[in-house]
Structures are given as C-alpha cells and as structure tokens.
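Below are structures written as structure tokens.
Below are two complexes that have chain A in common, paired first with chain B and then with chain C.
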Partner chain A sequence: MNNFTYKRAESIEDALAQNSSGGNSSYLAGGTNLVDLMKYDLTRPDTLVDLNRVDGHHEIYETPEGGLLLGAFVTNADTAWHPSVEERYPLLSKAILAGASAQIRNMATNGGNLLQRTRCYYFYDANVPCNKREPGSGCSAIPGYNRIMAILGTSESCIAVFPSDMCVGLAALDATVHVEGPTGSRSIPFADFHRLPGDTPEIDNTLLPGEIITGIELPANGFSKNYSYLKLRDRNSYAFALVSVATGLELDGNVIREARIALGGVAHKPWRVREAEEFLAGKTADSVHFGQAAEIILRGAVGFPHNAFKIELAKRAIVRNCMMALNPESQLPGAQPSV
Partner chain B sequence: MEPYKSQIGQPVSRLEGHLKVTGTARYAGDYSVPGLLYGYVINSTITKGKIISFDTSRAKALPGVLEVFTHENRPSLAWFDLQYADMDAPPGSPFRPLQDADILYNGQPIGLVVAETFELARYAATLMDIEYEEEAFDTDLRSQQHLARSPKIGMATMLKPLPPKPKGNFEKAFNASPNQVSAEFFHGTEHHNPLELFATTTVYEGKGKLTIYDKTQGTINSQMYVANIFGLKFKNVRVISPYVGGAFGSALRPQYQLFLSVMAALKLERSVLVTLDRHQMFTFGHRPPTVQRTRFSADNNGIITALNHLAIGETSRFEDYTEVVVNWSHMLYPAANTLMQYKLVELDVYSPLDMRAPGGVTGMHAIESTIDELAHKSKIDPLQLRLTNYTEIDVSLNRPYSSKELRECYLQGAEKFGWDKRNPEPRSMRRGNKLVGYGMATGIWEANQLPAKAEAILTGDGKLKINSAVTDIGTGTLTVMTQIAADELGLPVEDVEFAYGDSKKPFAPIQGGSFTVSTVGSAVKAVGAAMRKKLFSIAKKMKGGVFDGTDLRDVSFEGGRIFITNNRSRSVSFQEIIVANDNKPVKLSKFSVPSILKLKKYSRAAHSAVFVEVEVDEELGVINVTRAVTAVAAGKIINPKTARSQILGGMIWGISKALREETIQDDGLGKYMNQNLSEYHIPVHADIHELDVIFVDEKDTVVNELGTKGVGEIGIVGMPPAITNAIFNATGKRINQLPIHFDMLL
Partner chain C sequence: MLTELTEPTTLKASQPVNLVVNGTPLQLNLLPWVSLLDALRDYSGLTGTKKGCDHGQCGACTVICDGKRVLSCLSLAISKDGSEITTIEGIAPEGDLHPLQKAFIEHDAFQCGYCTPGQICSAIGMMKEGKAKTRAEVKELMSGNLCRCGANTNIIDAIMEVQNQSVHE
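Coming up: the complex of A and B.
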C-alpha cells in the first residue's frame, strides 16, 4: 500500500471539486473493496476523497412516482433491513443478505456495491498477467483454474465475473442509477450500467471519470408477492456465487403476467434476457415453462474446463428459483435452496 | 470440611479464557517495546530460478527505512544443515532464508525491509527492482507420479514409522477373493491458516542477549534454532509464547519470520517485529497433496482377506517430508495378506508440514471409503463388516493394544445416531426433495509419550507453582496441567499456578501429535508426587510428632493440609510445613521418561467411530452435513470440556476437509491462487449443524501414569470418509477427490 492524501468532502460539489485537482484520485465510501485493493497494492491512488460525510444521499425515501430511492451512502445492511425495502422489495433485501458477511454489509454502501471489482484470483495477483488489471498483458484465467469464471458474454481477453448479489436483484427490478459528475447529473438504466469485457475488460461500467453515484431508484413494482433469490456457492455464507438467480413474478392465478429473471456469477454483469421473460408472459407458471425460459437464458453459454457445470447448474437453478417464487415463504436464510 | 473432589475429570473452563475474550492476552505480535522496528518480508514472484539483480535503492532512499536485507547483504551465518535442523526437521537440508540467489519455490522470502513503522516497511517492499532468471518448474503431483521414489530415512522416522513389510501374498489372495474393491483417491494442498498470523518480536537486550516473543508450538525448539544459527549461547536466547492463536502443526517448525526478526535485531542492535500477512501464510508448510490407491478384498462372510494401500505424497526438492498414511488399515483389520507402499515426489514447492492428524486423516479417507465400498459390494452393513473384522491385537506388528474400546465406540455411536434406521440402498432415503444419506467411518491415531521435565515450587502461602517450557496452542494445556497438579497435592485449582510458554522453564518437546497431555502431564504428575513425598518428609520431622508412626500411604492431601486418613483430627497445613522448612519454599523438579521397554510390547492408539447424516439436494447437488456423532476412546479424559472442544474442532475441520477447504494451485504458474480467507473456504456457522461427542470409558494402565491418549487429532480422522460414505448412501455416487464440490453431484 502506498502513501496517499486523505480528503473529506462536505458535499457532492465539494467532492467533484476536490477530485478535479488532477492526478490519480479515488472516491472512498465503505471501503470494503477499495481498501483491500490498496492493501494488495493493486490500486495506488495518490488521493482518497472520502464521501461518507457528504450532505444528503444517506436516506431511503419514496419517490413521487411511487418507487423508492436508495441513497448511495446508505449501507447495504440498512438497506436490506429498511421497512420499505423489506415490505415492497423483499427480493432486493434477500439478495443483499445473501452477499458478503454481516460485518461487511454494515460497512459497504449501495453506491460502492455497484462499483466493486471482480474477485477473479488472477486479477488479485499482481504478478500474473491479467487484462483487467493490466490491459494487454493477457488473461491467466482462460488457461488457468476457471471454476469461478463466466460462461456468458465472455471475450478472448477476459472471463471474469461481476461478484455482487445486490446488483442481481437491482437488475431484475429494473432500477435506475443516478449519478453526478463534472458535466452535470444523469440517470443510467441498470441494464446499461455494467458492461461486458469485450477488448477493454479494464472498464467495468459506464460511469465516466469523476462521476459519483448518488442514488439508486426502484420503480413502483417490487414483485413483492412472488419473488425469490437463490445463491449457489461453495459454502453456505460468505462466499461469492457460482450461480445466483433473482426471480420476480406477477401472477394472474396460475398464469404469468410478467416475469423477471436475472443471473449472477455467470458473466461480467448481472445477466438478463428479455426474450425469456417475454416467452413466459401469458404462460402457466410451471417447471416446464421455467425450463424452457432457462434454455433461452443460457443460449450461447460457453463453459471452460473447470466451469462448464455452470451451464446446467444455472438452468436448474432458474427452474428451482422460479418455483420457489411461487411460494416465497419457502425462502431460507442465506438464499439456500428449498422446495 | 468437604473431602477433596478430584479435579481430573471435571469440566473446568479455560483458565485463560477471560484474558483471551477481553483482548488482554498478548500474542507474539502484541508486544510494544521502546524503539521497536517493523519488518516486512519480500517474497519471490517466480517459482524457480535465480535472482540476477536486486536493487533496493528506491526503498532505502525513503526516510524511516533502516535497512533492506537480501541474500547480498545478510550477515554470515551458520554453515551446516544440522544447525538449521529443528525438532521436527525431516531428512534433508532445511530451508535457509536469504541464503543465496536461488529461488526454490513461489513466495520464497527473498528480503526483509526494516522501517520505523509497519506501513512504511510494507510500502517500501513494493519499491524493489528485482530481475530474475526463470527456470522450468513442476508443481503438479499427479502429472509427476512416475517420479515417485522411496523416502529418505532420518530422525523423523522414529515418530513416523515407514510402512510395515508385506505379509502373505497379496496378489494371490486378492485375485482369489469374491469381493474386490479398487479405488483411487486424491486431495490437493491445504494450508493451516490459524487465525493468528505468524509473528516474532525480537527484543534486543544488548550483549548478545535476546528475548523473543514467537508464535511457536515449542519455545525450546525456537530457542535451539536461533542459538544454533546465530551462534548465541542458549542462556542468552529466551523464547516466550504463552498464547498461541491456533497453529494446528504450522508452528511445529520455526518459520522464516523468526529467522528474519532475529537476524535484523542482531544486525541493527534494535528490537524488531516481523509479522506475516495472510497472503504470506501460504508461503511455508502445508498439508501435502496425496494420491492414494487401494485394493481391498473380502470373502463371502465379510472377512477381509487382502489389503493393498499405496500413497504418493508431495515433498520439496530439499527435504523428505513424510507422513504415516498407509500403516493404519492393518492396525484395524487383521487381513492375512498385505502390501503397503509409501512414496514421495519432489516438486518445486516448500516442504510440507504436519497439519492436524497428518497422514492419518489422509490415509483413513482412502481406507474407510474402500471399506464402505467393500461392505456395499459384499451386501453387509458397513458397521457389521467392521465388527466382523474387529481385532484386539495390532496384527501389523503382532502385539496387543494397551487398550482398545473401539467396539464400544461403534456401539454407543450407532445407538446415539440411530444407525439401525439406515437403509443400505443408495438414494432410498428422502426428506422433501433432498436425498438423505447415512455414513460411518473409523478413526485411529497413535498415543505417544515423549520425555519432559517439570518443576514444582510450594511457597509460604501454601500455593503450588509448576514450571514447564510447554506452550498452550489453544487446546487447554494450561487448564489441564493445573488440574493434574491440583490432584497430586489435593489443592483447589485456584491454589495452583501453571507457568509455561517460556524456554527458560524446564524442557518440554514441541506441542503436537496429540502427545502433550501424556508427555508434559506425566512430568507434572511425577513432580507433584515428588512434592507430596517431600512435604510429608518435612512434616514428619516437625515438632509435635503429628505423623509419628505413619508413612505416605497413611495420609491424604486435601485443601492445603496433610491429614492422617483414619484420624482426620491430626493434620498439618502446607504453610506450617514451609515454616518448618526455615520459611523456605520447597522446590524440586522431575524428568519423566516413557517406559520404553514396557511400551514396546503394546500398540497404543486412540480410536473413534463417526456417524454422519447428509442431505443432498437432488437437482442442485447442494450438500449439508445435518448431523454427526463421534464416539471417542482416548483413555482418561482429564477435562471433558476442553476435550469435547478438541473433538468438535476436529469434526468441523473434517467437514471442511471433505466439503470446503482447498488451496487452489495453478500448475502453469507454479503458485497458489486463493491466498486469503475469503477464497480459502473454511466452514462458516451456516455450514455446521448438529454435532455430538461421546467419550467412551477406557482404562489404560500401559500408555503412561495418567492413562491418557490425547484428543488433538482423533476428532478429524474419521470425519471425511464418514461424510463421503454418507454422500454415497444418499446419491449412489462415490467421489474420491476432496473436497467434494456440490457440482460433482449434478
């Protein structure tokens, strides 16, 4: 870890100003990923601008449109246990609680959750090639141990996965990300926020230099009646997903009016396939139709020597999770499988 | 007055527990001394080759950086291998940090930055300009099996005997048997990962004198190592280590932070703390990856006819680390035909190191899985097969067991677990959409005793102090030794102080192999007995003649007094005895040595029977160990509370070994990839469900004076095969590679 200058911002404007002084500066929120990256000497900011005390963006409140706005600096824990989130967006609450550990969720912020880096082993080892860490150096994961890597949307330069659980829930819910930057504020649909690696895997998302996430907006429909989050991983808590699924269903008796299905642990971003959701609309809610939707979602998936199992696992997980969504009471702590 | 209640057998809570949970207990890296300097280790980023150039100038230019030690500027040190050999050194040439430009493995320590703060040292370590010349390497055991060879023999072989010679004619008997099983097993590298990071604080006292706070399982082992290498007098090197935050074998050998801390302190004539970070905890000893092949056979009555067990373990290029992997099956199952083979493959890695039940948990995984398959093929209940082949003598060495209550373990464990409810047909038991499986396995671990010394001092306040160099690696040694000493003199535990974890105190060997209670406990018992005798002899000479006409057999020691057993009105207090001793404390010491001649007529081992229930999600493969019962026969249990904790810890580690932990090794890069506790998966609370421990009564008058066998390793030994056998019962799939990932069951 290098020496760095620590600055504290009073407001978003102040943060943008402090950050504009040039050089290699980073914003600091919960620090649960950034500080690790600094300790491993993988990122060497010369300035940290601390956002934890800026005015505003520390609350969760109802929007005039009937949705909910999650302040960027609210912790993951406070978000998951917020009464409005628990009641109206239980899918998001379950997704958050399936991630990390209680201690980390107590520190990590909503904005930071979107900006965490991959947990690819090779990205975390400064002494081996990694295109995401050092563009052009090569990918060690493709010829290496790729059990935890992606099966969808990969490129020849990167097969890393985006590790968040919260974001899988946000993707399913069609959230919007609000940002402020040197050239003003804008809103980014969640599906456009994270990106696929292509030949620039060093870029995780579409945030522009200097921009700060100020909030995440949820639309009115939280799929609070029929939802489920399932996470499959190598231990029952405190492990990243090998495959995770967020499902929200709107039902008319036994017929699906609207379906949302997002996958985690399989790609460089939360994975959603509209075609599969459209396929389900109007169908009866049963395992046959969910299985057919799963086939559509996994279309084009390519496995590597150690992770080919993810393709079949993801299909089965989708079916299971959609069945669990029919009876949300079946949700187990830690997003473990039931039914 | 209440008659004295024996402390042995009482569930006394850890005496140091309060200090530990309040953060008062100080570990090796917690000593802040005036002028302390901080070292940070630089590790090799290549796997094999040479350092061509090592430019430290950018780091040295930083204010506050005192020195960067490399192979180019290190002080000249001892020359002979023997001087680097510690009590646990296997045959070969022990690794010498900063010896020369050669790189022997990835992560090898190649330098030490010493600075005014830890943060500065860590930062300076990133400013090195190092050029390497890389060479081809091999780190993959499975692809190098054709190079397997017999291990070299050395001192270590005494506690780790080589495989017994073949008996009968294995091939013939195996081929003639109606029920045959052949299987291959593999597990990869595992790292100990104790919670406490390795650290050494070397306090420079001047005039070649050092006080060293070291994370170690042997204060005298570290003292000897430092004195030999740095040419210091033994009496000038004092190693202190009262609290150890877990070690599991990783601190049986002095690790490189000790060497580097002492080297820097002597050279700079300052006190130096060197702490490894979690990443660096993967740069020394580990459980070696091992390939095993078994071929077992039985006749139609379930009598085992032939046993063949081959193990191929990893070692480094510089030492022959060995384990007892293949000796166990014939200790348990008296087949007439056996063939046991154990081989090593040299790879470009650091030497492996004993890790909880080294060899035992490895070998028993293969043995007990094969026995389970043999039972399945022979259509005999796995428990019945074991009872059919039960033996009171160790056929491998043709001698009786000093005690063996394994049958009781099987019966009591099976009863508690409800083994009779098992359906032997795989995939036949269900709970909702989960497949349910029952599995069982046997555990065995040797009961050894080594020599040790203890000192006892009785002071004017009537309190007893016992001194020993032994450590307490979190197992409850302090508490247990206090109980043993209390019983010898009939004192409450509050009146006994066990002072330990200091190389200045009487000799104790390294703390491992489940032999500490038997070793140090025997010395404590012996010195306690000597103290009784001494106190009584002083009391007999006292004025008033309270004990006229009596001898030691006629008196009892209770609550700080000596009574005539048949006439309790006549007694003398310890305080009065000290007054009679010219107010001088009574002080004596005893060396306790195992009775080799008696012991070698017997095989001595702790045993266990493990029963496990698993649930497997049929479509998703997700596995949970929902219940486990371990019944243990380990001789006398001094403290059922701390002993139970040992067994529980072993059982949880068994779950970890079967289903969770693995060091991920990239053989193309020649290095470990998951060097942190986020990706090195040990169980979390959510992984652990119902665990039960039964201690079966077992009287042993041979093993040692206390009748103890040790409980440190036995808890883990039978767990992995019991789990894999339960998974087979649940799913019909026999997975012989550990850990089992749930996707293997898809």
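Coming up: the complex of A and C.
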C-alpha cells in the first residue's frame, strides 16, 4: 500500500471540501473494495477522505412518495435485514444476502456497493495489459481465460462484468441514486448509473469526479409478493455470480400485469431489456412465456471461448427464477435454485 | 508491512488511535495504512487473530467490532478510532473456555486450528445477529470463514450444538 494522508469528514460539505483540496484523493466507506485494491497497489490515492462519520445518510426511511430511502452509509447487512426492506423489498434483501459474506456485508455500505470495481482476473494482475486499469494497454481477457467475463454489451476494449448482486436487485426495482458534488446535487436513474465499456472501459459509471452518493431511493412498488433472486456460481456461497437473475412479478391470478427481470454476471452493468418485460405483460405466468422472454433478453449475446455456456445458462436461469418468483416461500438461503 | 520497510515514512506522521480491545483501553500510534489486523497482531501483541489471505477472502481475521463481526484485514485501524474490539483472546475470562471453544474441542472442529479464532468470532457474531435458525442458514451465514483443513462439517456441528443450547436457556 502506498503512503497516504488520512482525513475524516464530518459532513458532506466537509468531505467535498477535503476532497477538492488537490491531488489524487479517494473517499473511504466500508473499505472492502478500496483497501483491497490499495493492498494490491492497483489504486494509489494520496489522500483518503473517510466518510464513515459524516453526519446524516446513516438511516433508512420512508419517503413522502411512499418509497424507501436507503442512506448511502448504511451497511449492506443493515439494509438487507431492515424490517421495511425485508417486508416491502424482499427482492433487494435476497440480492444483498447473496453477495459476499456476513462479515463483508457488515462493513460494506450501500454507496460503496454501487462503486465496486470488476473482478476480472487481469484487472487484478498489474503485470498484464488491461484497458480498464491502464487505458490503451490492451485487454488480456479477450485472448485469455474468459470464463467469468461478459456475454452482452461487450466492446473490443473490455469484456469485464460488474460484479454486484445488490445492484441487480436495484436495477429490477428501478431505483434512483442521489448524489452531491462540487457543483450541487442531482439524481440518477439506476439504468443510467452504470455504463457499458465502449472505448473507455476505465470509466465504470456516470458519477462525476468528487461526487458523493448520499442515498438510493426505491419507488413505492417493491414486487413483494412475487419475487426471486437466483445466483449461479462455481461454489454455492461466498463467490461471485456466473449468472444471477432478479425477478419481480405483479400478477392478476396467473396473468402477468407487470414483470421485471434483471441479470447480473453477464455485462458491464446490470442487464435489463424492457422489450422482454413488455412482452410478458398480459401473458400467463408459465415457463413457455418466460422462455420466450429469455430469448429476447439474450438476443445479441456473444460468447467467448470459455464463457459461451453462459448464454444457455442465463436463459435457463431466467426461466427458473421466474418460476421461483411464483413461489417465493420455496427459496433457499444463499439464492440457490429451489424449483 | 512491506510498505513501511520500503518507503520512507518520515513524511507521514503516526497518529494516535484509541481502541478498547477486550475491555482494555489501548492508545496506539499508527500510520494511517496500518490495518486493524496488523494493529492487533503487531502493535498490541494479540496474535490470536490470524492473517490468512489479507484480502477479505478467508475470514481468518474476523473480530467483533462494536458488536459486529468484521474482517480486520480490510479495516484501517485509524478509521476504527474509538471502537470496542473483541478478539479470540477476549471471548472468555482468563482460564475459562467460551461455550463455542468447548464445543469446537468436543466436535473436533479443527485440524491445524488456523481458521479457528476467526470461525469462533464469526459464530459469536452470527448468534448475536440472530438470523440463522436452521443448519442450512448457519452454513450460509458462516460461509465467509473458510477452513482449508476441511473441518467444516464438524464446525457447523459445534455451532449448532451451542446454538441449540442457547435456545433452550
């Protein structure tokens, strides 16, 4: 780890001021990603501005619009186990609990979760080219071992995936990200928060330099009756997703009124295809229709030598997870397959 | 830590960090990049907490910080200024064993023992959280602690025994 100066911020204003005082500065939240990257010497901030004692944004509360506001500094564990989240947004609760481990979720914050970096092995290996780590150096994953890489929205510069589980749930729920920055505050629809790599894979999201995430807002509808999160991986727990699926359904009897399907582990951002959700509206909730929706979602998917299996895996995971959503009580701990 | 040996540290001064470790207030003087794990092991003489991977991947370094199980390897000590930490050395009075320690011995829940302090601190944290009722839930919520000797089945047995005892108490 490089030498750095440590500063503790007392408020958002204080954090913005301390951050702008020059040099290459980073915000510190739970530290579970940042400290790790610093230990590998992949990130070398000369100043760390610790956000953990900022006054405010440590709570979860109901909004006047009937939704829920998740403070950026609330831990992933406290969010997943919060009574309002468990009751009204169980899909989000399941998605969070499918990620990392209990200890990490006790440390990781909601803001930090959105900003975690890819787990591409070559990004972590400073000895090899990687456009995300060192723009213009090349991508080692395309000719390399690409089992965990993306099948949708890839570019010639980068085929990495965004590894968060929580964000797959947030994408399905149509959350909004609230940020404050040097030039004021703004709100970003979740679908616009993360981005595809294009020819600038070093940029993961649309947050601007210096901006701080203060909260994540959930709209009133939490799909709390019919929902499911399924995570498929190389070991049953404490591993990143090969493919994950978040499903929320609104049903009239067995007819779908509204469907939400988001995929994780397949792209540089949580993957949602509105056309597939619109296709499902008005259809009966059965595996044939879910299978047709899966075909629409995976349209345009391109496999690489070691991950082409993910295309079929994702299709089957979508169908299975939608069937699990019809029967949420059947779900097992750790977002494992249950039907 | 390697960085301290290879980079001049004169530019950045150590800063006071106050921790209450196992009930004892400690005032340490640390450089900002010292992890809580190194603060315990190298600066406080508490080597019960183990360094497995130093990257958040194994759980060997699990301690209880302000009542919650966390990974000390990914925590900067300076960020924890003012916190109360419990390590394996502090879970039972001197000369006594914690019920989990007894159960681990009874169930042969270790071989080399390297993961054990983290397993036990993690299990204490898990019981306090109160979310794991069934064996499947305990397995899932203990998955952040790897045992490379493969004692996992016995570890879960030991935890289930203590968990069932506390339910009946």
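Convention: the second predicted complex is superposed on the first by the 339 of 339 C-alpha atoms of A that agree within 3 Å, B and C clash if a C-alpha of one lies under 4 Å from a C-alpha of the other, contacts with A are read in each partner's own complex, and residues count from 1 in each chain.
Note that in this section contacts are C-beta pairs under 8 Å (C-beta built on N, C-alpha and C of every residue); 3 or more make two chains touch, one makes a residue touch a chain.
No experiment lies behind these values; they were computed from the predicted model shown.
A.B. asks: Considering only touches as defined above, state whether A:Met1 meets chain B (first), chain C (second), both or neither.
C.D. replies: Both chain B and chain C are touched by A:Met1.
A.B. asks: Which holds for A:Ser237: it touches chain B only (first), chain C only (second), both, or neither?
C.D. replies: both
A.B. asks: Who does A:Asn127 touch here: chain B (first), chain C (second), both, or neither?
C.D. replies: First partner only.
A.B. asks: After superposition on the shared chain, which partner residues are touched by A:Val35: those of chain B (first), chain C (second), both, or neither?
C.D. replies: second
A.B. asks: Now for A:Gln103: first (chain B), second (chain C), both, or neither, which partner does it touch?
C.D. replies: In the superposed model, A:Gln103 contacts chain C only, not chain B.
A.B. asks: Take the contacts of chain A with chain B and those with chain C, and give the residues found in both.
C.D. replies: Chain A residues touching both partners: 1-3, 40, 236-238, 333-334.
A.B. asks: What part of chain A is in contact with chain B in the complex they form?
C.D. replies: 1-3, 40-41, 119, 121-122, 124-125, 127-128, 140, 143-145, 147, 232, 234-239, 242, 309-310, 312-313, 316-317, 319-320, 333-334, 336-337, 339
A.B. asks: Going by the contact rule at the top, pick out the chain B residues touching chain A in the complex.
C.D. replies: For chain B paired with chain A, touching residues are 45, 119, 122-123, 126, 279, 432-433, 617, 619-622, 624, 660, 664-666, 668-669, 671, 673-674, 676, 678-679, 681, 683-687, 741-743, 746.
A.B. asks: Which chain A residues qualify as touching chain C in the complex?
C.D. replies: 1-6, 8, 28, 31-32, 35-36, 38-40, 48, 50, 52, 77, 81, 100-104, 106-107, 236-238, 332-334
A.B. asks: If we count contacts the way the header does, which residues on chain C are in touch with chain A in the complex?
C.D. replies: My answer: residues 1, 3, 7, 9, 11-12, 15, 31-33, 35, 54-56, 59, 62, 68-71, 74-76, 78-79, 122, 125-126, 129, 131, 134, 136-137, 139-146.
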